[in-house]
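Shared between the two complexes below is chain A, which pairs with chain B and chain C, respectively.
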Partner chain A sequence: MPEPTGVIHDIGYQRYTGPRLGRRHVFGALYLHGLRTVFGLGRSAKAKIFPWLVVGIVTVVAAGLTAVRSQIGEVVMTYAQFADAMSWLVIFFVAVAAPELVSRDLRSGVLPLYFSRPLPRDDYALAKLLSLASALWLLLGGPQLVMFLGAAFTTPDGLRGTWNELLDLLPGLLYAGLWAVVFAAIGLLVASLTGKRAFAAGGIVAVFLMTTPIVGVLSILPSRAVNELALLASPSTLVQGVGSWALQDLLYPGAGTGPPIGDFGPVYAVVTALLVAACTALLLLRYRKVAAR
Partner chain B sequence: MTLIATESLTKTYGGRVTALADLTVAVEPGIIGLVGANGAGKSTLIKILLGLLPPTSGRVSVLDLDPTTDPAAVRARVGYMPEHEALPPDLSAAELVTHLGRMSGLPRTVARERASETLRHVGLYEERYRPVGGYSTGMKQRVKLAQALVHDPDLLLLDEPTNGLDPAGRDAMLALVHRIGTEFGISVLVCSHLLGEVERICDTLVAIDGGRLLRADRIDAMTSATDLLAVEVSEGTDQLAGRLAALDLPVTRDGRMLLVPLADERTYDLILGAVAELDLPLHRLDQRRHRVAELFAPREPSNA
Partner chain C sequence: MSTVSWITARGLFGRRRFLMLLPLPAVLVLLAVLCRSLGVDPGQWAPPVLVGLGLAVVLPVVALIVGTGVLGAEIDDGTVVHILTKPLPRWQIVLPKLAVAAGVSAVTVAVPLYVAGVLADSVRLGLGLVVASALGALAYSALFLALSLVTRRPVLLGLVYVLIWEGLLGNFVSGTRVLSIQQWVIALADRIAPTDLLSTTVSVPVAVVLTALVSVGFTVLAIDRLRSFSIAGETS
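Right after this comes the complex of A and B.
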């Protein structure tokens, strides 16, 4: 008679004596989990539709631009311009991703399970912020990389051309990073205020789109200074203002085509930094309140 | 080792609402029942033990650590099961418990192994791969318990673990908690507003009311030597009560009955003598075992 194999023994409860990882590892795990959540990885098929649709659109646009450039040799969009042109898509992406990251946890009441663990509450908020910013940067930077590869392989100038192309790409990636940080900070703060995903999404779109009319009104007032500072009023135009000051030709080739910010470029940069800092501080405050409940 | 110790622990919200008032208690490892009505301060106490709320005044220590100064060290060794719904509906129990295990610092593969092991220990098998949204209340409570156990804590804080369960589910949950406390070797603090439930599984009972300590003691100390004699006469109950009081017996009235603590055999004779002397029709005279609930009852009015 053959020996029975695969006998299941109930060995009872086992105490765990192995290693317990520190704060940095836990932060990293939460960050990666957030990044996966944004793109719907490890989630239902339904949660994957929208993120990958947006990824598809930006990739197709980038591929199209690359194809046009390699065929007729004309640069339709610089790397930075690409990030600019895709910003409206980023708004909708944030409106879906930010509530997915934070509103869902608020609604399901899972936060006490996080805050009863060693992880400090600030780490929770910061890890989520970092995941959203990275996701947005990947969304804008990934297609730029596609454009770069296309250009680098089709350049007639050999290595020199590739090097020049790389010098064009890097400011584009930095500009994408600026978009990512500003949009992530604002979007996550708005989303952290409510547990209802639809409200959060609406709120985010409202903050980004409803502020544009203010810019419109301010820019036709009969004062040059007000006109030149008008773009501060909306996050998208704020980022464009910083871009036009810092990148100039790369974003707006040809003199006089950029937005009218006059000599206020540094003001735009400072306001952007303050805005991100304020949103992050408010986000941390918000989670301090949530954790005490 | 003292498991949990508090010293004049006080917590007031906004200076008006007092959740805990001058609470001093120390308990040894084991299964501890924390009982009190809704709003007695049980959840506030748990949040202070976890370092989520700072106490207004007083001192507290958990596993000889101070949650007010080193909350991370306390939380690393404590598992918490909240009272309210706390599970995202679209994740499976396996995914959720694995993720929360990693949040407690378990390496990735260990977290996965321990998640399925703990889910098995709480009685979830194949269903652990289905989204939590489709679970029954009993299964959800088990998942909440599993996530508190996944990182192998030394102390479990369970806030109303039997909430929303049917009688069979309550029994199963209590049996599970009892098994964790005895077989797994993990100390458990069980919060409940139902004394009858926790007294069945606890070694130690802590009762609070209005944020004040009513009583804290080992349960065997509470139930020993606390038997009562119930006396019922068809008429003349007041007369008998007066006579017994005159005989220095601490008599209390409970409806139509008189309750007399059974000190020794002589108590029987004294009562029978008094009844015979007054020539009252004796209806019954029997020994009643004191339930823990009654231990708290006489003390409540003084605190109200």
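Right after this comes the complex of A and C.
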């Protein structure tokens, strides 16, 4: 048997002798990177066009609402109604952001590099999910803050008015968080199924848009129970149902202005929790399979 | 059937992912059958099903996925080089691809719309929807095919048109409806089969002229863009 002839030469690269950061730091770095990716920060100008287009539109709408309110003194939209009115833009934003977060990694086959670090598979998926949810919350919460500031500085009641306004804002932010979690869970799951960004974006929009008319049809069927449960059929109306049940007076001032869900409020909350849990579980399952390749 | 259209059709149907297109029409038919069997008044269920789901969601989304897929997918993969280096005039590449895209979208959308239209009102409404949605599929396909040559992110730009222009602005600002393919389709269907189920503010002659203009104009644009097409790497 001949002697092995291969040699590993020491070509003089400097060794790393510093501290090795663990799992938490990998997770944190991935989360921050994901959040920057969503808004196109640290990337070319082309990657910034679509996210900032959406951010720009929602901010302009919020500024417009604030201006109208300060001039006429009439509340055109409450904080919760603002989130509802922006639902199409949120869908578009998810269709832009989710494929950027997961489809690119799938397509370019870099996942083995990620998983060769001290990073469990589940952490990768959860970090991406968390960054998408945070981005959506910022997207909806930022304009609400603009509306709040506008209202706080123009309120005629001084500090007391500002305090009341703050009490209106907080449930609005909570509600925006609910939107963010539900949409991020569904959007990221759909996007993780394909490595093609184009198909991922189309799939996300198809899932969200297809469900809305179903609600419209179910709510005219000749059965009261079906009508009141109809809002379960679509993610955006599902969120509205939970919001109106949990934060009734805070979100929809005045009786009968909220979505018609009857006494099924708890059902909506349970279904929302189950939906988010199921989507997250499927996402983790998906990454078990992808990582095994 | 030219080789280009054969390759395009195989590119669309050769993968399992074209099955992703089926749930959309299936939901449309299911809802129509459900409403019909429960005896709901067509005046109530037809607008959300036919317009809200069929013409506002299924038609544009299917046309978007197919229309950007026929050429955009090849550009993404880089395999478009193989077609571009053949001694073919550019229109012989664009037209077959447009024909396949429009044909596939038209069949996918028109069949469920025909069923829903018959269930809602009459065979005439079904046929009206078939003709109108086929013309709409042609206009959408031409638009999205041209988009996939103008920009590297055709799907997102197409979504901006479908979601923000037609969806959001079309609901709040009625002036933008004149430039919305969805409204032209509604106008055409309403002209062929006059019912009180479909309503739009766009007049029929405007719809006819603009549909033809968009279909031809964007096809010419696509042929022109493909003439001076340069292959670039993936956008960052």
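In the analysis below, the second predicted complex is superposed on the first by the 278 of 293 C-alpha atoms of A that agree within 3 Å, B and C clash if a C-alpha of one lies under 4 Å from a C-alpha of the other, contacts with A are read in each partner's own complex, and residues count from 1 in each chain.
Keep this in mind: a contact is a pair of C-beta atoms (placed from the backbone, for glycine too) under 8 Å apart; a residue touches a chain by one contact, two chains touch by 3 or more.
Model, not experiment: these values are computed from the prediction.
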Partner chain in contact with A:R36 - chain B first, chain C second, else both or neither: neither
First, second, both or neither for A:R20, with chain B first and chain C second: first
Chain B versus chain C as contact partner of A:W88, first or second or both or neither: second
Touched partner set for A:A201, first chain B, second chain C, both or neither: second
Touching partner for A:F50 - first (chain B), second (chain C), both, neither: second
Chain B versus chain C as contact partner of A:S116, first or second or both or neither: first
Common ground on chain A, meaning residues reached by chain C in one complex and by chain B in the other: 43-44, 47
Partner chain B, residues of chain A touching it in the complex: 12-16, 18-23, 25-26, 29-30, 33, 42-44, 47, 104-105, 108-110, 112-120, 291-292
Of chain C, residues touching chain A in the complex: 17, 20, 23-24, 27, 31, 34-35, 38-40, 44-45, 48-49, 52-53, 56-58, 61, 64-65, 68-69, 72-73, 76, 152-156, 159-160, 162-164, 167-168, 235-236
For the chain A and chain C complex, residues of the former touching the latter: 43-44, 46-47, 50, 53, 57, 88-89, 91-92, 95-96, 194, 196-199, 201-203, 205-206, 209-210, 212-214, 216-217, 220-222
Contact footprint of chain A on chain B as seen in their complex: 50, 52-53, 72-73, 75-76, 78-80, 82, 84-90, 95, 99-100, 102-108, 110, 114, 117, 121, 147, 151-152, 180, 183-185
